[in-house]
Amino acid sequence: MFNNTSQSVHYNLLSDYQQIRSVTEAICETVDMEEFAAQSASFVSPPKWHLGHTTWFFEMFVVQATMKHEPLYHDQYPYLFNSYYNSMGDRIQSESRHLITRPTVEEIYDYRKYIDEKVAFCISEGLLVESSLEALKIGLQHEQQHQELLLMDIKHIRHSALLSKKYDSKIFSEQHYLPQAIHYLQVQKGIYEIGAKPSENGFIYDNESGRHHQYLESFQIADRPVNEAEYLDFISDGGYSNPLIWLSEGWDWVKANHVKHPLYWSNDGDGYCVYTLSEGKRPISPNRAVMHISYYEAQAYANWAGKRLPSEFEWEIAASKIDKEVTEIDFLLGNDNRNQNESSSRSFFFGIGWEWTQSAYLPYPYYKAPPGALGEYNGKFMINQMVLRGGSFATPIDHIRTTYRNFFHPEKRWQFSCFRLADWI
Amino acid sequence: MFNNTSQSVHYNLLSDYQQIRSVTEAICETVDMEEFAAQSASFVSPPKWHLGHTTWFFEMFVVQATMKHEPLYHDQYPYLFNSYYNSMGDRIQSESRHLITRPTVEEIYDYRKYIDEKVAFCISEGLLVESSLEALKIGLQHEQQHQELLLMDIKHIRHSALLSKKYDSKIFSEQHYLPQAIHYLQVQKGIYEIGAKPSENGFIYDNESGRHHQYLESFQIADRPVNEAEYLDFISDGGYSNPLIWLSEGWDWVKANHVKHPLYWSNDGDGYCVYTLSEGKRPISPNRAVMHISYYEAQAYANWAGKRLPSEFEWEIAASKIDKEVTEIDFLLGNDNRNQNESSSRSFFFGIGWEWTQSAYLPYPYYKAPPGALGEYNGKFMINQMVLRGGSFATPIDHIRTTYRNFFHPEKRWQFSCFRLADWI
Amino acid sequence: MFNNTSQSVHYNLLSDYQQIRSVTEAICETVDMEEFAAQSASFVSPPKWHLGHTTWFFEMFVVQATMKHEPLYHDQYPYLFNSYYNSMGDRIQSESRHLITRPTVEEIYDYRKYIDEKVAFCISEGLLVESSLEALKIGLQHEQQHQELLLMDIKHIRHSALLSKKYDSKIFSEQHYLPQAIHYLQVQKGIYEIGAKPSENGFIYDNESGRHHQYLESFQIADRPVNEAEYLDFISDGGYSNPLIWLSEGWDWVKANHVKHPLYWSNDGDGYCVYTLSEGKRPISPNRAVMHISYYEAQAYANWAGKRLPSEFEWEIAASKIDKEVTEIDFLLGNDNRNQNESSSRSFFFGIGWEWTQSAYLPYPYYKAPPGALGEYNGKFMINQMVLRGGSFATPIDHIRTTYRNFFHPEKRWQFSCFRLADWI
Amino acid sequence: MFNNTSQSVHYNLLSDYQQIRSVTEAICETVDMEEFAAQSASFVSPPKWHLGHTTWFFEMFVVQATMKHEPLYHDQYPYLFNSYYNSMGDRIQSESRHLITRPTVEEIYDYRKYIDEKVAFCISEGLLVESSLEALKIGLQHEQQHQELLLMDIKHIRHSALLSKKYDSKIFSEQHYLPQAIHYLQVQKGIYEIGAKPSENGFIYDNESGRHHQYLESFQIADRPVNEAEYLDFISDGGYSNPLIWLSEGWDWVKANHVKHPLYWSNDGDGYCVYTLSEGKRPISPNRAVMHISYYEAQAYANWAGKRLPSEFEWEIAASKIDKEVTEIDFLLGNDNRNQNESSSRSFFFGIGWEWTQSAYLPYPYYKAPPGALGEYNGKFMINQMVLRGGSFATPIDHIRTTYRNFFHPEKRWQFSCFRLADWI
């Protein structure tokens, strides 16, 4: 979670736009030129692609939608920078984005600047109609999601280079302090309201709205994620060699990929170290949450520990109970600059990692994907993915809320993912 | 759904055992010798493997567990006939089961006979302790599940041969009559009880027990599955060429496999025909449920129709409301020998196909997988699969109940799968 | 090499036809019904496919070509039984031949019988014109090649079944006696004639004709293939773990397939055994040629031994020098029933295995593929394959000649392949 | 073929070294920073990798071999920059070279500079013993081979970017003028000497030495390669849709890759254009050789034309007959700056493209790979590749000779490959 993002007061759309766009560029400031087109795995996108894609989003859904006679900035850019919108025409295969050696980074920055001026013009001249205003707001959320993706991808690219190095940037830190003590919060059974309420000044995604009821049986949930020392116990106890605690497909994944520890861990003989973007390699610690965990690993650990993962509804209710007393300052407690003695359990639902839940990513009651291209934003991914809740080091603070639904395939772990335990009472 | 299975009164375990085992062999009676080792796709098992595997189940979990000094029937059979039990040692890769040219079919029948005698001895001599009695009961359910799998696999093998022919057997028929009229049943919002109650004389799987509450919003649900003529409308309207109605992974599946119609449909220029095991090729009909549908197709159809699939909880509540007035005779209405005028909507929840629901296959509250090898039966598959409810032409009547949870990956469609529509009120 | 094949006097075409066709069926006599459709690897064909394919060859190229109004026996059989003739229309993918559960074996035998009668009619009524007579002769050679392929495939299928057993047939034996003593034959440099002369009464393939000159430098060549004990020395000396003696692609093949010994060898802890079709498992022996060797292995062994493989020209010259004094009886010396003391080096060029040469399979001077479908017989495979010379246990005696060019990809080893060493003088 | 390479007089080893090394860097001068780590196909290497790999070669085989106490420049560089030398330890998979975002290009240039100084020191101080002197000479040849590979890879990378652009460099041009008239040179049958003679002042690879005899039948060979207009006739005549003219594996390659024209050709509706590095896209021309042809395509064209490809021996004899009268100036005739009227057929054997021959890449008589790591240079690739002769636009003039054997897999075509026709007389 990082806080140099948009102001919470949204009446100034233009300054919000400019501020959010500038954060994306700030994240790329210390990216080496050779890293800009790198794609270290099929699921990673080159940093320069993120810069172009987020700009394409504004060009297509705001500028083109508003200024009818405006020509395309470049007639090939839509092919290169469309991600997955079938409504928007053909596109390069996502695993081939590393082929985009052109346009150059410099040309993409020119593209950003040009579109930024067009958007500024549309805003300041009051040209935006309701649909393009809505698209602009989604575009800002979208840009922020790509800020987190950029950090995920930069980390993966840098780590994939044998000679990985730290990412020297003030904008992002993975440092945090997690108390070793653990408490279980109790929640009584009953009907709970789930999902986001329509909000006057805040943004809400379609997949989290549809406020509805869920009946929950009584449960308890840990007040912090599992830490690295606890996870080491799992490894030491043969966690990666006992098929009986794994899901069947999880066990297949372990064997096929020879998985023996979380992503970014390594062991040179002197015990495990963790590669982090902001600190480089460091020893594992009982005061850090174990990160970059797949759903399979989280589920196996929970099985091994005789517990389970919470459902996304349980997580939301537990987090929102605590949330009521949490100020914005509290969100930042996970970061390095806080007083470690002041830490309280209530703050550990946000800002460290995205937490796997035992809920599949499926539509809420009454869900309908919006019409048009933006209907492809969320709904079409509702299969074979699991919901993660919370928010990470890398999540813009605007995206931190109890109802936010993130989602990944169960084998993915290059996102900043962790997990906490739950159980029935 | 077929009814020549076990009696519902279970006090006579031995006759149940013998009756169920004999059905498996009756299913294989008209299988050609060359089909016994065929494996037409990686997810298909050769019929002879089913014969061996179900026997291995009884040998390991009943005979070996009861008679401590009994030697293995053959020291290599566990390697050949273990399906997926990591607790039970190494095994042949499931996609290589076609390599089992030996033991011969005849030798496998000898194996069945030998183990059947041992089991009979254990039963009649009262040697079974609680755990092996439990395993015996699971083994019978397991054998019945493989009866349906056998019919699925025989159909797939026979259809894969260019010169496919009918399956001449009295034991199984896909004939049914579905009225074209459709009604939507209304269910009011509220807290509902879901899951199977512990039952005195009936068998219940671990994955369906854990009776618990679910809050459901008001909904409506069709009283019959979608039929072939309706599905043809979807095809004619470009259903397979419009990405916007598909899940993203569904659309990838359509393109990668050039899917243009349900499995077993074909079009030689004179309109679509359907291959069925019991009738061979026949024209499509508005009085037949569209079968062999993947989740992706069911979901795309529902999207196209402006509706949705029911959740497994909605399905269970709707089916059980009707179920209260349904006798065992009603279960058979879907079959050919009933009076077509008598058909009532209440009967179309069972006995035609397994119906896709919009629910991921996940554990119920309080679920714990049992200890030991049988703990691998259900729980470890709770990822990336969707729940199907109901029961098909090929489902033994013992397995027909409102709480039964079947599950498949969303792209699979060689099972007897169909779907019905639902919507909010 | 087996000798119950056609008579060497070819004036009686009909009896030749009947005799050769009957050998194919004799080979299949002890094949189990479940083995007939088995395909244990993508490069293996099911025995029943061989029975159908060889018949299709006569139907298309003889019967259909001769009797213009004769309908196809079955309009789908060409799709099922065409191997690789693009001129002859679409066909099932070769790796999917295991799907041919129908026609049944019985129906294929009916097909054979029917076509046999038609061919007999064409011969006895003198209907064959020159081209169909030529096709008939090629068809007989083709049938004989499939006799060897049948034995290769039966061996692979049977070995792939965990419970492999011997092949009880008098028609085929892998027994042979190879003296341990080795001598090198010397051949002086000069211009040699290579390739088959047009022959009055014997058949010659297009790929071996084109009698031409080759200049050979002086060389020496072993008088027998490498034996199993010698090959064991190679293994014991780390042959499979030293990349420096392997071709680069050979080493990739070793690593990717974890190759540690020849195909059909195994080691249960008590030393290596070899699976043979005619004897089952037996210990390795210094009096047996090491068989089922890939080109990669042969080349690595030769490198390790400080020698090389002969070129196909060297092999042909050496074999033909000896051949002049060899009678047909000598061909059989490799077999078990000969007096072991009588063995002489001259006989070990034929009848044990196909010997890898260091020559790529390429056209001879003046080579032109014949027009029409039969032009696809040999020429289109002249890339990425290496020439083998000699002939194996399983080669019909008609195919034993110094000029015969067999060919396989360098990684293949399910054929009866072995090798001998050569060197410069 | 480009001529700013080393002087032919080798007495000044140091200036040769410096001059050759500087050409590599000149080639990279106009490479964009984002292209340096790009890998547009598994067979392409990123330009920065070439810069590092060629330096590693000198470090390991010259500096480390000469200066025993010299530490490695960086202990991880051997892992990153070893290409395929099993003797030299583990290495990154060749298809993962795009992961080498670090060291940066700048750091690799530092590495070059450092090693260049060490090599200069070794030379000028007279430290080189015979083996390291030999390695230095091979290293220079190796560097020059990578100069051509660099141009091949830059072309592929640049073309793979949708927005490809020209390569603005004076060092390299694909411009040439080929007369449309064609003559066939006649060569009479007889014994010919093949292979390079040990040379006093020129370098010769192990794979081309072993001067020996070959008997050639009388043949004729075209005096120029096939041109683009002739190749268009082949396309227009259905060359890519007629399986009967293709090798079987060639036809599989056509279908699997949907090949319809040479690499770098495209057709936007107005006829075919060709992408060249030095000119960008240009229309096809009857005065240009058709380039970037696979062996499969060359062989199919020859088949279609009723001719064949020459063997490598035929090519060598034909080229050397002409070569006797050719001066160094003639080598450059293919280039743009020559007087087009002066062109004579004798010059078209060199400097346009590498010409496919119908010879597999196999060892010459008496060939032995040298001991040690450098023995891995050539010999281990002698399987599944075909020989190309001549030399291309991109070939350093030092590598232009009648005996030089280049080799590629038959499906490869990103090298500057073309072909000429031959036939028997």
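Couple of notes before you dig in:
The chains carry the letters A, B, C and D, assigned in the order they are written, with residues numbered from 1 in each.
Methods note: a contact is a pair of C-beta atoms (placed from the backbone, for glycine too) under 8 Å apart; a residue touches a chain by one contact, two chains touch by 3 or more.
Note that this is a predicted model, so its numbers are computed, not measured.
For the pair chain A and chain D, there is no chain touching both partners. The mean-CA centres of chain B and chain D are about 60 angstrom from one another, to the nearest whole unit. Taking the mean of the C-alpha atoms as each chain's centre, chain A and chain B sit 38 Å apart. Centres computed as Cα averages put chain B at a distance of 47 Å from chain C. The multi-chain contact residues of chain C, meaning those touching 2 or more other chains, do not exist; every residue touches at most one other chain.
Counting only pairs that meet the touch rule, the chains in contact are A-B, A-D, B-C, C-D.
Of all the residues in chain D, the ones that touch chain C in their complex are 84, 86-87, 189, 191, 212-215, 217, 243-244, 246-251, 295-296, 299, 308, 358-360, 362-363, 365-366, 375-376, 380-384, 410, 424. By the touch criterion given at the top, residues 32-40, 48, 76, 79-80, 92, 98-105, 157-158, 160-165 of chain D touch chain A in their complex.
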